[in-house]
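Each of the next two complexes has subunit A plus one other chain: subunit B in the first, subunit C in the second.
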Partner chain A sequence: MRTEPDTGRRKALKLALGAAALAVDPGLFLIAAPAQSRPAGVAASDSQRWGLLIDVSRCAEGCTRCVQACSAEHGWRGGGPPGLDPQWIRVLSATDPETGRSVRAPLMCQHCARPPCADVCPTKATFRRADSVVLVDRHRCIGCRYCVMACPFGVRFFLGDNVSDRERRSPRGKGTAEGCTLCVHRIDEGRQPACVEACPGAMMFGDLNDPKSPIREVLAGQGARRLRGNLALGQGVQYRGL
Partner chain B sequence: MTAIAFDNLTASPRRLWPAVIVLGAALLAGGLAVLVIETQGHHVTGMTNRVPWGLPHVVAYFLILSASGALNVAMVASVFRQKAYEPLAPFSALLAIALLAGGLSILVLDLGRPDRLTLTMQSPNPRSIFAWNVVLYTGFVAITAAYLVTLLDRRFARFFGVTSNAAFLWRFVLTTGTGLDLGILIAREELNSAVFAPMFISFSLTFGLAVFLLVLPAAAWLSGGAPDHALMQRLGRLLALFLAVSFYFSAVTHAFNLYAVPTRSLERFLLFQGDLYTVLFWVGQVLLGTVTPLLLVYRKQPIAAAAAVVLGALATLYLYVIVSQAYPQPVLPGLQVTSAWGDGSVASYGPSAAEFFLGLGGVAVALAALLAGCLLFRIVPIDLARAAAPSAALRAAA
Partner chain C sequence: MMRSAARPGLLRRFVVPLALGVVVLAAAALVLRAGDNAPALPATVSAAAQGPCLRSAAEMRRIHPTLLKHERQAAVREGKRDPQARIERCVTCHVMRDASGAAVSAEDPRHFCRTCHDQVAVRIDCFSCHRSTPPTTLASGAAR
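Let's turn to the complex of A and B:
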């Protein structure tokens, strides 16, 4: 007589194995507990330095969940002619011409400690928050696009069209600059950025200033690299496996 | 400074009205372009997020650089005490202010939110060269206007030395700021160099003098006269000298970028594989903008040489501004990168009609301001032909 497999026991076993793996090596899968939320009315402080760690070896071929999650969260829509529509996060396919090795890597605002976009902004509309999240104050932006010119990663955008279906949590306006906000509205509530939530295992979010945070432990143990490190911009976004 | 009589431009109505109508049409077209861009959004232009600065910025850079260069004649007269140029010093200063107004009008009206311009003065970012440029532009207009007043009004003549020297120094600081707009961009390795400051100073000397050489005969034509032949020849030779220095700087940047590994592929693209860009460099900048005017000056045709310099100037600035954006940024150096957004490939850019008319409108603003200034104020020498006058003095100096 055939019996139904005990799926509940299998799930429990998988969870136990996963927990054991994370306890031994938190970098095996990039999963971190939600960061601590900041009480309402308390300003961001430089005691925290938010960052992202992206394991490109876990970025699956054809997957765009991070892009879709960001688009849904912030209300931007890509898909127009290349380079025309803002695309706060996009996936790069990169191949080493010598070895033929290919990787995929999501690219968004790198949240630099020394952001060139904020340096060039004439009105301080682009600014770095105390916890190193780089943002644009849409009410101060004059739409000169100097920040778009100054970004070495091509992740700062200018909205040249009317916005019909904007999200309240993510203000956008025609004639102003915009880019990834690291989902400040979420992280201030102690939640993960939308892209990280959509891609557990390949993206990890956390406090780079906290030596005991999982992201710091993984970085300390396994290392990662910043894009165009020669520019010494001190990005909050780092990549493993490039 | 010797006493020279100046008067309003006495333009012949048969020549003035066609000029006014043409300028009015260009201003109207520019105004309509601004209306379309600001109501519809910048998606009606050819500019994209890959190429956020386009033709309007090229024309604006040309006018702003020309503004400080247009002051050449006034500075030669007032700082270097060359009496032969004194009759044209006020015209030179007015042209400088008018060109700056034209260039700035393009930059301001191309903004995504021009209504917020005052924020650049209310809370400027001291780390931003743009914010500094607002001070430099405003200061240039104020100092040049003060220079003009001390030049024309004998009551303030005792300040003439201060204003003329201040204007002379300020124009170099101004153009240094304009050059560093591009030079400080670490994201664009082919631009990221302090050499853009002296190179843009040389460009300003060249472009401004070329514009002066075109505008002076036009103003003379309106009043039925003609500029002094000896003066034009002398300015033509000066133009050739400035042009040679400009080309030297430009050649050095291109040679350096061809040699340096990080910029080599971009430079090869520009010089040999860039289709329209390559044609613009070899035909526009080198042949039309450099070789031709040098030959024309040698053949004693300074006006034609100046016209060729202006066309070459637009090609030169177009290449510096556009190619640095269109060529893909090395986000992952050494790897071949692709994406749905166009990473790794050359971005396409073609100016739209709205951009063209916005640029044309800026030129019209400059020329209209110059014409209005000449008609309203006693700026031009009583006899423009005589203005250029002291041919004997010039020949003696030569």
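Let's turn to the complex of A and C:
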């Protein structure tokens, strides 16, 4: 979140760029058309690359709709002891001590193209599906927690408690690792992830491989950044306005 | 001498194998009958509400572990989803209800899977992650 000190020239440049962006797309709201559902029995393919675009400037103060939607969709509850709290998605806020500028943005599994969590998994329980969704195959997970330690974003969790039937909406169980699934069950039906559906315009979901998809158009026009770009993980989740 | 010597040969050649065969057949029949005497499938609530089962009851008894394993690999790792072969559908059709009409979970010995699995002492861990009761939206359909 640290930014370099602004010089006058940089400020002027930024202003000009901002004005240009507004001119191109005044009042940009990230709303994507629903994706196509995949027919039953057809495997996910690498012709699609699902991604999220998060417009930090539109992430409204005090809003936690994405977190609530995720919690309701998958049946996890926050508020547990530190370190054991499942936070498939959480809202981070950060302030630049030099400029005082503060930003807030949701953080969830970044669905890396080269996921460190999958690299370290001894049983290949953590894997990247053909369409670049990073998942945990709990049938194989032995609960070693290597992935929890390997994730540079701290968005992998270990479930140490039993889950009752009432809470269990998506499969999750004691002794396995878990994290954002990009709502694969919804994607496969052609729906948007729960967080995107609940968000009033700061999140966009789409196919990064399709040059005509709205997410690609916004990315081509406005650009976005990946967190920890120095790690070159090729995340599917990108942030605009950080 | 020749005749008396031939008799034990005959006995060894035909009678003993025949007797052995009869014993083996009888044992096989007993074992098969024991198979037929497996606990009767518990009554299910309106299986028709969710459509027919994937296979016949006899086949399901034999191969449901293979089916489950195959489907889980295809669905989780490859993304090949078959709405007919969801574990959610299994527990919806084969829901067992307690006196108050609430669906019993796998923690209860009355649960459909447990009625057989308890008897053969095979512990399954499907329900440490998956729901063992119908999801609320489907449960209302099955109860109809």
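By definition in this document, the second predicted complex is superposed on the first by the 209 of 242 C-alpha atoms of A that agree within 3 Å, B and C clash if a C-alpha of one lies under 4 Å from a C-alpha of the other, contacts with A are read in each partner's own complex, and residues count from 1 in each chain.
Simple rule for what comes next: a contact is a pair of C-beta atoms (placed from the backbone, for glycine too) under 8 Å apart; a residue touches a chain by one contact, two chains touch by 3 or more.
Source: prediction; values computed, not measured.
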Which superposed partner A:L208 touches (first subunit B, second subunit C, both, neither): neither
Partner chain in contact with A:L227 - subunit B first, subunit C second, else both or neither: first
First, second, both or neither for A:L182, with subunit B first and subunit C second: neither
Comparison of subunit B and subunit C by subunit A residues contacted: B
First, second, both or neither for A:C121, with subunit B first and subunit C second: first
Which superposed partner A:V42 touches (first subunit B, second subunit C, both, neither): second
Touching partner for A:K174 - first (subunit B), second (subunit C), both, neither: both
Touched partner set for A:C66, first subunit B, second subunit C, both or neither: neither
Which superposed partner A:P82 touches (first subunit B, second subunit C, both, neither): first
Subunit B and subunit C footprints on subunit A, overlapping residues: 162, 174-176
Touching residues on subunit A, where the partner in the complex is subunit C: 38, 40-44, 127, 129-131, 135, 137-139, 162-163, 165, 168-169, 171-176, 184, 188
Residues of subunit A that touch subunit B when the two form their complex: 78, 81-87, 90-97, 105, 107, 116, 118-125, 140-146, 148-154, 157-162, 174-177, 227-228, 231, 242
Sites on subunit B touched by subunit A in the complex: 38, 41-43, 45, 47-53, 107, 111-114, 116-117, 119-120, 123-125, 127-131, 134, 184-188, 325, 329-343, 345, 347
Parts of subunit C lying in touch with subunit A, wherever the complex brings them together: 72, 74, 76-84, 105, 128-133, 135
